[in-house]
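The same subunit A turns up in both complexes below, where it pairs with subunit B and then with subunit C.
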Partner chain A sequence: MAVQPSHSDRRELVRERAFTAAGLTAAIALVTTIVLFLVQLFVTSRASRAAFGLPFLWRSEWNPVTEQFGALPMVVGTLITGFGALLISTPFALGIAIFLADYAGKKVAEPVKYLIGLLGGLPSVIFGLWGLFVLVPLVSKFEVWFGKLVGSESLVASGTTGVGLLAAILLLAIMILPFSASLILESLLVVPTELKEGALALGATKWDTIQNVELPYVRRSTVGALVLSLGRALGETMAVTMVIGNGMRLPHSLFDPANTLASAIANQFLEATSPVYIASLVQLALILFVIAIIINIVARIILRRGVQQ
Partner chain B sequence: MTLRKLKNSFMGALVAASALLLIAVLVVIMWHIFISGVKYLNWDFFTKAPAPMGEGGGGVFNAIVGTFLITLVAAAIGTPFGMFAGIYVAEHRSQRFADIVRLCADALQGVPSIVIGIFGYTFLVARFRSYSALSASIALAFMFVPTTARVTEEVLNLVPSGLKEAAYALGARRSSVVWNVSIKTAAAGITSGLLTSMARIAGETAPLLFTAFGSRYIEWNMLRPMSALPLQIYIYASSPYPALQQQAWSAAFVLVLLILLLQYGAKHLIARVLRVKA
Partner chain C sequence: MKIFGRSSVILATLLVTALTISGCGSGGGSATVKELSGAGATFPYPLYSKMFDTYDGVTGVRVNYNSIGSGGGIKALTDKTVDFGASDAFLNDQEEAAMGAPVLHIPTCVGAVVLSYNLDGSPSLKLDGSVTANIFLGTVTKWNDPSIAKLNPGVSLPDLTITVVHRSDGSGTTSIFTNYLAAVSTAWKAAVGAGKSVSWPAGVGGKGNDGVAGMITQTKGSIGYIELVYAVQTGIPFTSLKNASGTFVAPSLTSSAAAAAVSLPDDLRVVIVNSPGADAYPISAFTWILVYKEQNYAGRTLAQAQALKKLLTWILTDGQAVNEGLSYARLPGAAVTRALALVSSMTYGGTAIP
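Then we have the complex of A and B:
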């Protein structure tokens, strides 16, 4: 008994097809975006590769006047600020996550979680503003004090502005703290209660349980969380740009003005006029993009395995 | 036994202290923004464009308009892509391609904002030979899509499968199940996700530096350079004039207020969804 498809049936079929097509298109667009970014940045940075080739990565001269460009000072600045911030903020992030997962009751944990979200949601430029006018003067005072302490006149003389690697590291540490704390908290919350109760029943104290049961259980996902936070810190732009001092040379101390890959672009792109200068800055963006994508994919894979285990 | 118990209480105090420290830092930052921001707020600040160089007064109305326009247009461009990508991933959960899409969305969320700015410049501004608010919106849409896709997927996964199965059992097609059952059940959650994503892009500066560029005039035309609050904060904070630096603090206060409002709206909606569920 074949029935002719009615008008409304056909309309529904068209709608179904359009719907499937829209979903697929959006999904493909999302994947293509990564390729588009790669191609676009690669093509527009060609002039830089033509001039400097692969040694661009480890040349330490960045001189817009003579048009000699090398990424080493920025790569070094990025690594120092990123790992420095991670080193400082990780113990606190672990502490906060443990406090929220095991010590705080619901009445305390909920508001604290809200405040963490608040701190994490503040725009980068706000941190930059605060860093520039509040943190940098403090760092400057510390530099003078430290310079007198070790008896280094050059430090007292040169480093008194406060802008530089140290200010950037401290500011970044604050900025990634809410991010890493909430990621670690997420993994702590999935530790099976039976495991914890088992340890407690054997007479372990709360801290014994945390140290010997919970932390080993979440080791893998904590690593994933920290790698993700590192990725954040490496690419953070505005706050770092405002406090790092746009130094073009390889930094010799933590008090030196420096640049990260991101801050060099933000500081200099609008001033760049020659094609090689522009292409070199785009090349920095390409390096940063590739690093960020790799770090994020690696971290997600670690996190996913952590959950499965 | 005493040593173990001592260690226990010591570590307990230590983790509580680290939580306190975070709250203290947040309070200090918010306090500075509030104190320094409120001091210079007045009616002109909200209603006037910046005063000409050297004159006092003036406001950031141009930047407020810009933030609203750029953010809304970015959300308008990004929402369909983000939502449909999210729907696709949620509906094809077990397929390998959906997994790749999800991984790409995660990876794109981690792309540094300055890279998005450079991409926006080389892809749009350099091609059309003009800075414009529209290119800023498109650049921000690249940040908006992955977040929206992930949120949509997560919210859709919360829809009880019994509801969907009931609709399928009645002979509904996939499109109408998704539209009439999943999306309707998850509407508040998806809207909440959209607001959160908007709160995120409204505070972005780096993607605007080389696209919207900034403007001293009140501008409504998306094809022309335009200012925005984060951009204005950055420019004023880096200027040597104390009067402009003060305005940077006030603009920061307004921006934080705007973001808090968006986040509050998002939280409120989510709370309602959870209440309905319970």
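Then we have the complex of A and C:
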């Protein structure tokens, strides 16, 4: 198309301005939304802080009838399931990523990558159903076996339903695996070929190269991937609700029913009517928000240290 | 830059659409009201959707009902964004005070909560109030406990741990069930109390009737409470219960309706658990539609008030025919009479609605 240069230039300018304006609006909208989130959570939860103050964090009673609320069981449940899942899934994620990046041929890697993507996109309620009908009975069998092994009646005191912390940790580990694996894989794939070839040329074995060249190179993005996965684990609601047993008491063992912040809110918010009850649920949301922020900050600090080294 | 240019236009359009779409409001009232809206309890949702569908066919008035939960329904009515709210528990005095104006409780049906269990061979079981309370308190822990065996002579009960399953979400079902336990057991009343969500001394929680039912069908030796409708539809076995007059009654539409056939207060804000009726199933309850007594608020028209009154009257009369087909018990005659009196007590600007 032959358009006059000046006309084209002007159109270009208008477009560029429109794009900048649109981009700026989107950026401002995002920041504003997050700030408004925090403000809203803070304001709506005021009644809870007025009633319980800071001890809300370490009180372990949650009783809607007497209107006595404390967040400890849910905070503990959230952290244990989140970090537990991360602990279990990280070795697998690293293994999958390294295998696909360095060992598997294209014929294997491509379909596997596709499957990982598919797994990552599955709605969490499907994971939840699978967890309830497949994973939970397995955990229940394990629970009985383990109880007999250590001869502990109290370990299986909650009955052998299979639902509880352990089932939630295992399910979350499976759910976050595709995230961390594909993110780590992406970063492994961009390790410069010269570095790898250089190491190999110096006589390093494949394993030496992975250990001393590739992994240090992707350390930053790996931590980033793990933080993202942890974020998903901490905030996962539907699937966790279906397998964690929704106990509002402090769990004493991995087999006990427990609850997470997100799951407690999702379960109880709809039918909560009294002001202090609603405010306490919102306070849980605020705590979850703050936990997410803290984890992000800690991850950033770790990353910065990594860079300085 | 060509590509950037085009995408900038698309982006800008998307943004503008996104920003304006949220600003859409609903239209104002017109002379003939063709639409009413309500929000609230999930328990009667299947009933209401069928009722309102029928009502649309009969009168041409569409009723939109959002089953967002009793709490949400009460909030929506308080915020005056709906014509009526719906709740499985009646408002306590504190909640009613928060509404700012008198609210009428119009019952629409009688619901029953049953105790479902999972035992090999599904023997038919009988329980009474105190044993049920002790099971849910966690003090009766084995199926072959003497207190259960005593109620079930001739049934061989296994030496199996009882797994209690309860609702994890706040629900009217829990409110009905815990109200029953509090009525029959002082220990329960003191230790736990009653409400839509309570601090459970034992067991695991499932979300919704399906969550509880799923957990029960999967766990040998479990017992939990679900709505009668749900138990009938899914075919899970449930127990008979000893009622206040000492007879064992199996839950059914007839026996739960019988629970409501007792002397009722005029405002119908009443818990009918542990009903004294001879054939009454003890864990029964009303579910209510909530409306403001004075209908002239937030710019409502007389036509809207009339349409709402007409709907409520229909629900209490012709609409009751829908109940049983969906396993909700009909309101007994006395309750209908009182409820109709409540509906006629609605006012617009201080005078009765014609």
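To be clear about the criterion, the second predicted complex is superposed on the first by the 262 of 309 C-alpha atoms of A that agree within 3 Å, B and C clash if a C-alpha of one lies under 4 Å from a C-alpha of the other, contacts with A are read in each partner's own complex, and residues count from 1 in each chain.
One rule holds in what follows: contacts are C-beta pairs under 8 Å (C-beta built on N, C-alpha and C of every residue); 3 or more make two chains touch, one makes a residue touch a chain.
For clarity, every value in this text was computed on a predicted model and none was experimentally measured.
Contacts of A:Pro73 after superposition: neither subunit B nor subunit C is touched. In the superposition on chain A, no contact is made by A:Gly224 with either subunit B or subunit C.
In the overlay built on the shared chain, the residue A:Val163 is in contact with subunit C alone; subunit B does not reach it. Legend: residue contacts after superposition of the two complexes on their common chain; A:Pro64 is shown touching subunit C, with no touch to subunit B.
When both complexes are overlaid on chain A, the residue A:Gly147 reaches neither subunit B nor subunit C. Within the superposed three-chain model, A:Gly245 lies in touch with subunit C and out of touch with subunit B [touch as defined at top]. When the two complexes are overlaid on their common chain A, residue A:Leu30 makes contact with subunit B while staying clear of subunit C.
Touch criterion met: A:Ser274 reaches subunit C, while subunit B stays clear of it. Judged by the number of subunit A residues each one touches, B leads among subunit B and subunit C. Touch criterion met: A:Arg15 reaches subunit B and subunit C at once. Of the residues of subunit A, those at positions 12, 15-16, 18-19, 22-23, 25-26, 132-133, 242, 266, 269-270 touch subunit B in one of the two structures and subunit C in the other.
Residues 1, 4-5, 7-9, 11-12, 15, 42, 68-72, 74-75, 94-95, 161-165, 168-172, 192-200, 203-207, 211, 214-215, 218-219, 221-222 of subunit C are the ones touching subunit A in the complex. Subunit A makes touch with subunit B in their complex at residues 12, 15-16, 18-20, 22-27, 29-31, 33-34, 36-37, 40-41, 44, 91-92, 94-96, 98-100, 103-104, 112, 115-119, 121-130, 132-134, 174, 177-178, 181, 205-208, 210, 228, 231-232, 234-238, 242, 262, 265-266, 269-270, 281-282, 285, 288-289, 292-293, 295-297, 300. Across the complex, subunit C is touched by residues 11-12, 15-16, 18-19, 21-23, 25-26, 61-66, 132-133, 136-137, 140, 156, 158-164, 241-242, 245-249, 257, 259, 263, 266-274, 278 of subunit A.
Residues 4-5, 7-8, 11-12, 14-19, 21-23, 25-26, 28-29, 32-33, 36, 80-85, 87-89, 91, 97-98, 100-101, 103-115, 117-119, 121-123, 126, 142, 145-146, 149, 173-176, 178-179, 199-200, 202-206, 209-210, 230, 233-234, 237-238, 245, 248-249, 252, 255-256, 259-260, 263 of subunit B are the ones that touch subunit A when the two sit in their complex.
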